[in-house]
C-alpha cells in the first residue's frame, strides 16, 4: 500500500464548509478534508451524514439542487472550485460518479461511455482504445453496448456510470457509492480497478462508501462523517482497528462477525457522541 | 369635459387595423379641441384604453372609463360589443358600433342604447351583391359567389343575408370559413381555383386579409371580382401583395384618401403641433378615415344633444338622445370640410342603423391608393329589415325587453 | 382520369408543401427539445422576432424609435438606409445568436435540473417577454417582408400539366414560395441530422436532454450547449420567419404559427429531426385532404386546425412517443 | 417439484405451502433473454432470497411476480391459482407489495403520505364522502393513519414524518419504501435490494425489520440482495440466477458450497 | 415571535389532519373569510368587482380545477379553454332550455356535463404522457371551439353565434344579466369558490389525493402498489373538468354576460390558467388562489400605473405589460420553481426560525 501521508502534495482541500439547501436546510456544518495526490481517500458515514453533499459541493453540482456553500472554501490545486463551472472542473481533471447511476437513458451504453470523453481532445484511435479498456474492465457492458442504457439492469448502469468517468482520463475521481447494487464479485473487481488506476496511473480518489469493510481495505485515509460533521479521521489501517468503527461500520463485535439474525434493536452509544 | 373613451387595440393579432382606427378617432377629437375649443366650448377628453381585442380587457376598460362620465363607447370589436350591450343598457350609456357589432341592434325598438349607423354587416353583404348586380346589368342568375369569412361571430354575420339574397337573385352561394388567425388558407383558395366562382366576397380581419389577397393573386383570381367588406379594405391588407393586388375592391361607407379640406386642419392643428396620435403616418388610410369618421359622428351627435337639451355639459343619457336624433347631410359635411365623406342619413328611435348606404373602392396598386368607384348606394332593406326584426325580437324575447318608440 | 382526381392530387401536393412550411417551425422545437428536454413554447415568437429584426434591418428602422420618441420627444424613425437582403439576414442571425446568449445567461442557467414543466413555463414567460419586447423594438404595425423569394403559382408547372385533366383542369398549382421552402427544409434537415447523429456535440445534446446533472458531471458545459442549440434554433426560426413572413407579412400573428407546428411535432416525435419533416408532410396532407374530402363538403369547413391535432392524437394512441420519437423508457 | 408440503427452518419456524410458484418462466426483451425457463416456489412464511450477478434477471423476476412484465412463456401461480393476464394494480389488490431497486417513492409527498399510499388498496370510501370528509372518510383516514403510525414507529422514522421524501438521504428513502410496502399488509412482500447503499449498522437495522415483519406478521418475503452476509443470515432458502438461468436453489448453506454459484457469483467462498 | 407553531400540539390524528394545523394560520383564514363575506360586499364598487374580483374568483375555480389535474395528478392539460367553453355552452343551453331551472343547479349541471367531456378527452392519457399529452389536449381545445362555432344548435341558431346570458336570480336578486348588483354576483361567486375550494381540499387530502399524487410522481410505481391508473386519471380529468366547467359557466353567465367561443375560450385561456397554476404552485390549493390573483391583478395594476399614473401611451404600456409580466414569470420560476405557495411556505419556515438564520 502506498504511503501517502506526509510529503505528497494536496490536490483537493476542503476547508470548513457549510452547505445549505433551499436557503433553510443546513446539511454540512463545517466539514474539512483533504485529498492528497495519488491517494485513495474514503468518506464514510451513515445515511444522511452528508457524504453526497460533500462530493457535490466539490464538483460544483450543488447549484442545480438549490444548495449553496455558505461558508468555507474548496480548493483544487490551490484554485477555488467555486469559480469554476462543473465543465471546467472536469477539464482540469476532477470527475464525479454520481450516486444512483444517472445514466443517459436514451443513449446506448456505448454512447454513454463516449460522453465521458466529451472534454477530451483525443483521436479516434485513442478513444477506441479507452473504450476497449472499459470493456475489459466490464465485459458485461460489451455485450450490452448497443442497448439503451435505460433498459439495462441496475448493476449494469452502475458499471456504465463508472466506465463513463474513466473515459475522461481523470486525475481525481469522486466516487459516490460505487459498490451500491453490485454483486460481491464485482465489488471486489471495482475496487481492484480503483487500486489499479491509483497505482499505475496515479489517479486520486475520493470515495464515499457505505461498504466500510471494502472501502477501508483499499483506502489510504478515511474520514467519518456524521450529521454533517467529521467526527473522526485517520489512516485507514488505524480506523479499521478503532473499536467503534469496528462495531458500527464493520459489523464486528469482540467475538468476530455478528450474525444479522442476532442483532437486537438495542444499540450501544457511539463513543464520540458521548 | 366631454369624455369619449376609445377602446383601442394597438397590440395583438388585429393591431394592424386597430392602430389606424384609433389614430383617426383620436386625431379628430384633438383637432376639434385645438380648432374649436371642444364641442360647443366644452373641451373633449378622450381616454384611450387598450383592449388587445380581448373581451375581458374590454370589460375592464369599460368599467374603468364609465365612471369618468363616458359619453359613448366605440369598442371596435364585435365580441366586446356583445359583452357591453347589456351593460351599457343598464348603465344608460350609448354605444356606437359603426360597421360592426350586433347587426340587429339597428332595431332601436329593442336596443335602446346601441347604434350602428350608417351601415352594418348585412348592409355590406347586400352592397356587395348590389355591386355585382350593377356590373352584370342586374342579372346574376346562375352565377356563383363565394364568401370567404373569418370563422367567428363577425365573419358569420353576412351568411343569413347572403342566403336570402341568393334565393332572391338566383346566384349560387358557396361558403369558405377561415379559422383565426388565417395564415394558412391554401385549402380555401385551391377550392376557389377549382370551383371558379365568378365573384369572391370576403369578410376578413387581421392577417387573414393579407393572406387572402396574396393567395388570390397567387392563383390569379381576377382581382376586380374579389370584393372585401370594409374591414378587409385597409392599405395594409393589399400592400404586402404588391402589384398583384391591383384591382381588388372593398366596400366602404366613408371617403378614402386625403383629398378633403378637413385634412388641412388636421395637418395644422394636430400634426404640426406634434399631437398626432400614434406615429402620425396613418392619415388618409382607409381605416384611419373610418376612425376619423366615427369621431366626427360622435361629435355631431354630441352637438345635437347639446342643442336638444340646451346644456353644454351633456350626460350619457343626453348623448343617447343626440345620437337618436342625429342627422347627417351633405351641407353639414361640407361645412365640416368633409364633402361627400359619407352618405347622408338620419337616425330615429326605431332605426338605429341608418340607411345602410355603401360604396365601393378599388385598389390602385400603382398609385398605392384606394379610389371610390361608386356612389353610396342603398342596400336591400327589404331583405335585411326582415332579418333585423326577426333577430332583435328573438333577443327581446330572451331578455324580456319591451319595445320602445310606440 | 377525371379532373376531380387531379384536383385531389393537387390538394395532396399542396398539402405536402404546407406540411413543409409547418416543419420549418417544428424543427426549431425539436432542436431545443432534443438538446435540453425543454419544450420551447417561444419558438413561434422567436420566428416573429427574427422576421421583425430582419425587416427592421432591411428598412433601416431605428430600434425602439417609438419609445425614444415618447421619452425624448424626438421624431426618429429610420436610419435612411436600405440594407440588401443578404446582409440583413446575416445581421438578423447575429441578433438571434446574441439572443441565445442572453437566454442562457439570464434564464436557463438558473433553471438547470428543474422539472420539464417549469422550463416549459419559463419559455412561455419568455414568449410573453419577447412579444412585448419585439413590439417595443420594432413597432406593432404590419410589415412587408421581401428577400427576393418568388411568390405566386408556378406557371411552368401549371402549363405543362394542364393537358392532364381535360377542360376543367388548369394544371397543377404549386406556390413558388413553397417550392423554395421545400428546398430549404431539405437542406436544413440533412445538415441537422448529420450534426446531431455524427458529432460529439450532437451526442452531448442528447445527453443533456436526458439528465442535466449527469451531463454536468461528465463535463458537458450546459452553457455552451444551450447557446449552440438556441443559436441554431434561432437560425431555424429566422428561416421559418422569412418563409411565413413572405407569405403573410410580419406582425403579431406570425407567432401563432407555433400552434400549427405542435401537431407536427407530436406526430413526428419531439426528439426526431426527420420526424419533424415527415410529421409535417403527414399533417399537411392529412389536414388538406380531410378538408377537401370531408371538411369542406360535409362539415362546413375550417376543420384544419383541430383535425391536425386529432390526427396526431390518433397516431399517438398507437405510438405514444410519436412516429420517430425516442421510446419513453418505463422501468422500475 | 418439491414433494414436501412444509418444512422446518433451523430456528424452528414452520414453513408452509407454496404461496407463489413460478413455472418455467421465460422472459425476453427483443434479443435479450432476461429469464430463461426458471421454476421455483416461495412458501408461506419463509424468507426467500434471490441472488445472482448483475444483469442476471433478478429484478425482472420480481417484475414478473407482480405483473409488471409479462413472460413470454411459463405460468405464475399465486396461492394455488394460476394467474391470468392481469394488470399490476390488480395484483397489488391480491396482496403482493414490493420495493424497488431504484427507489420509486413519490417524490412530491411527505413520508407519511408515501406510507399512506400503501394503504390505498384498503381504503374504500367513495368520492362523495371524501368531499364531505366529516364522517366516513375521516374515520377511515384516522383508522389507517393509526396503522401507518405503527409502521412509522416500527421503522423508527418518526422524525421525518412530514418531510418530503425527495429530501431524504438514500437510506431513509429505502426505509420509507419498505414502510409503504408494509402498509399494504401484503401476503407476499417483494424486496429488491433493500439494503443497497447502507452501512453495516443500517443493514443490521434493516435485517431486524425484515425478520420482525416476517416473524410478527407472518409475511412471506422474497428478497434480492447482494450482501452475502445478510443473505446467509436471514434467508431460509436461496435461488441463484445467472444470465437468466437458475444455477442453484436451496438453503443458504447448500448454496454457499455450490461450485457453480461460487464461480458465477461469489468469486471466493465467503465466510 | 409573531409566527409560531411551537406549543401547538395535536392530541388526535383528526386534529393533525386538519387543513390549517397551525392556530395562527387557522385564525388568519377565518378572518379572511369573514372579511370576504361581511365587509367586502359593502365596500366594493363596479370597477373592482368587474375588473378584478369576479375574474379573480372565477379563475381561482378554474385554477383549482387545473391544479387538480396538473398539480395533483401530473397530467398537463392545455385544453382548459375548451372545457370552459363546454361549461359555458352547457349553461347557456340549460338556461335557455329550462328557464325555470335555478341558476345554482344550472352551474353545477354545467360542471357535470364538462366532467363527462373531460373524461372523454382524458381517455388517451392512459397511453400518452408528458408533453405529448399536453399537446394532445390541444386537440380538445381546438375541436371543442370549432364545434361550438360550427353547430348552430349550441348557440340557438343566433345569427352571429354569440351567446348571451339571460337574467336569472336567486332569492329575488339577479345574479346574471345586466341588472345583477355587484355585491350579489360577488357573493354568489364567493359561495361557489368557498364550497369548491373546501371540496377540493377534502378531495386532495385523503385517499383520492394520494392516488392522484402517486400517479403524478411515478405512475408505474403507483400502479404496482395498487392504484388503477386509468380510473385515477379519469377521476382527475372528471373532477378537474367539473371545476373548469363551473368556472366556464360562471365566466360566461355571471362575469361576461355574453361570449363568443373562439374569443372568450380560445387557446390563450388555456395558457392563462396553466400560468396561474404554475405561478401559484403546482399541487396547492392556496397556490391556485395566489396564481389567479397574480395573473388577474398584475396586468390591471401595471396598466393603471403605466397609463393612469405615468400617462404613457396605451400601446407602449401594453407592450411593457407583456415584457413585465413575461419577465416576472421567468423571475418567479427562477426564484422559486414551485410557485408562490412554496415561497409562502419557505417564508413561514424562515419566520419560524426567526430571528435565527437556520
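Lettered A, B, C, D and E in written order, each chain numbered from 1.
The working rule: contacts are C-beta pairs under 8 Å (C-beta built on N, C-alpha and C of every residue); 3 or more make two chains touch, one makes a residue touch a chain.
Not measured: the values here are computed from a predicted model.
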item	value
Partner chains that chain B and chain D have in common	C, E
Touching both chain C and chain D (chains)	A, E
Reference chain E; chain at largest CA-centroid distance	A
Greatest separation from chain C - chain, by CA centre	D
Whole-Å gap separating chain B and chain E, where each centre is the average of the chain's CA atoms	37
Where chain A and chain E are represented by their mean Cα positions, the distance between them in whole Å	47
Cα-centroid distance, chain D relative to chain E, in whole angstrom	42
Multi-partner residues of chain E (at least 2 other chains)	146, 220-221, 224, 313, 315, 318-319, 322
Sites on chain A at which at least two other chains make contact	151
Chain B: positions in contact with at least two other chains	10-11, 19, 151, 179
Contact pairs between chains, per stated definition	A-C, A-D, A-E, B-C, B-E, C-D, C-E, D-E
Partner chain C, residues of chain E touching it in the complex	70, 76, 124, 127-132, 134-136, 138-139, 142-143, 145-146, 150, 220-221, 224, 267, 271, 274-275, 278-279, 282, 312-313, 315-316, 318-330, 333-334, 337
Residues of chain C touching chain D in the complex	331-332
Interfacial residue positions of chain E with respect to chain B in the complex	46-47, 50-51, 55, 96, 146, 149, 158-162, 164, 166-167, 177-179, 255-260, 262-264, 266, 299-300, 303-304, 307, 313-315, 317-319, 322
Residue numbers on chain C that touch chain B, as the complex places them	7, 10-11, 14, 17-18, 21, 66, 73, 75, 77, 135, 139-142, 144, 151-153, 170, 173, 175, 244, 247-249, 251-254, 256-257, 260, 287-288, 291-292, 295-296, 300-302, 304-305
Footprint of chain D on chain A - complex, ascending	21, 25, 44-49, 52, 99-101, 140, 144, 147, 151-156, 158-159, 177, 180-188, 210-213, 248-251, 257-261, 263-265, 267
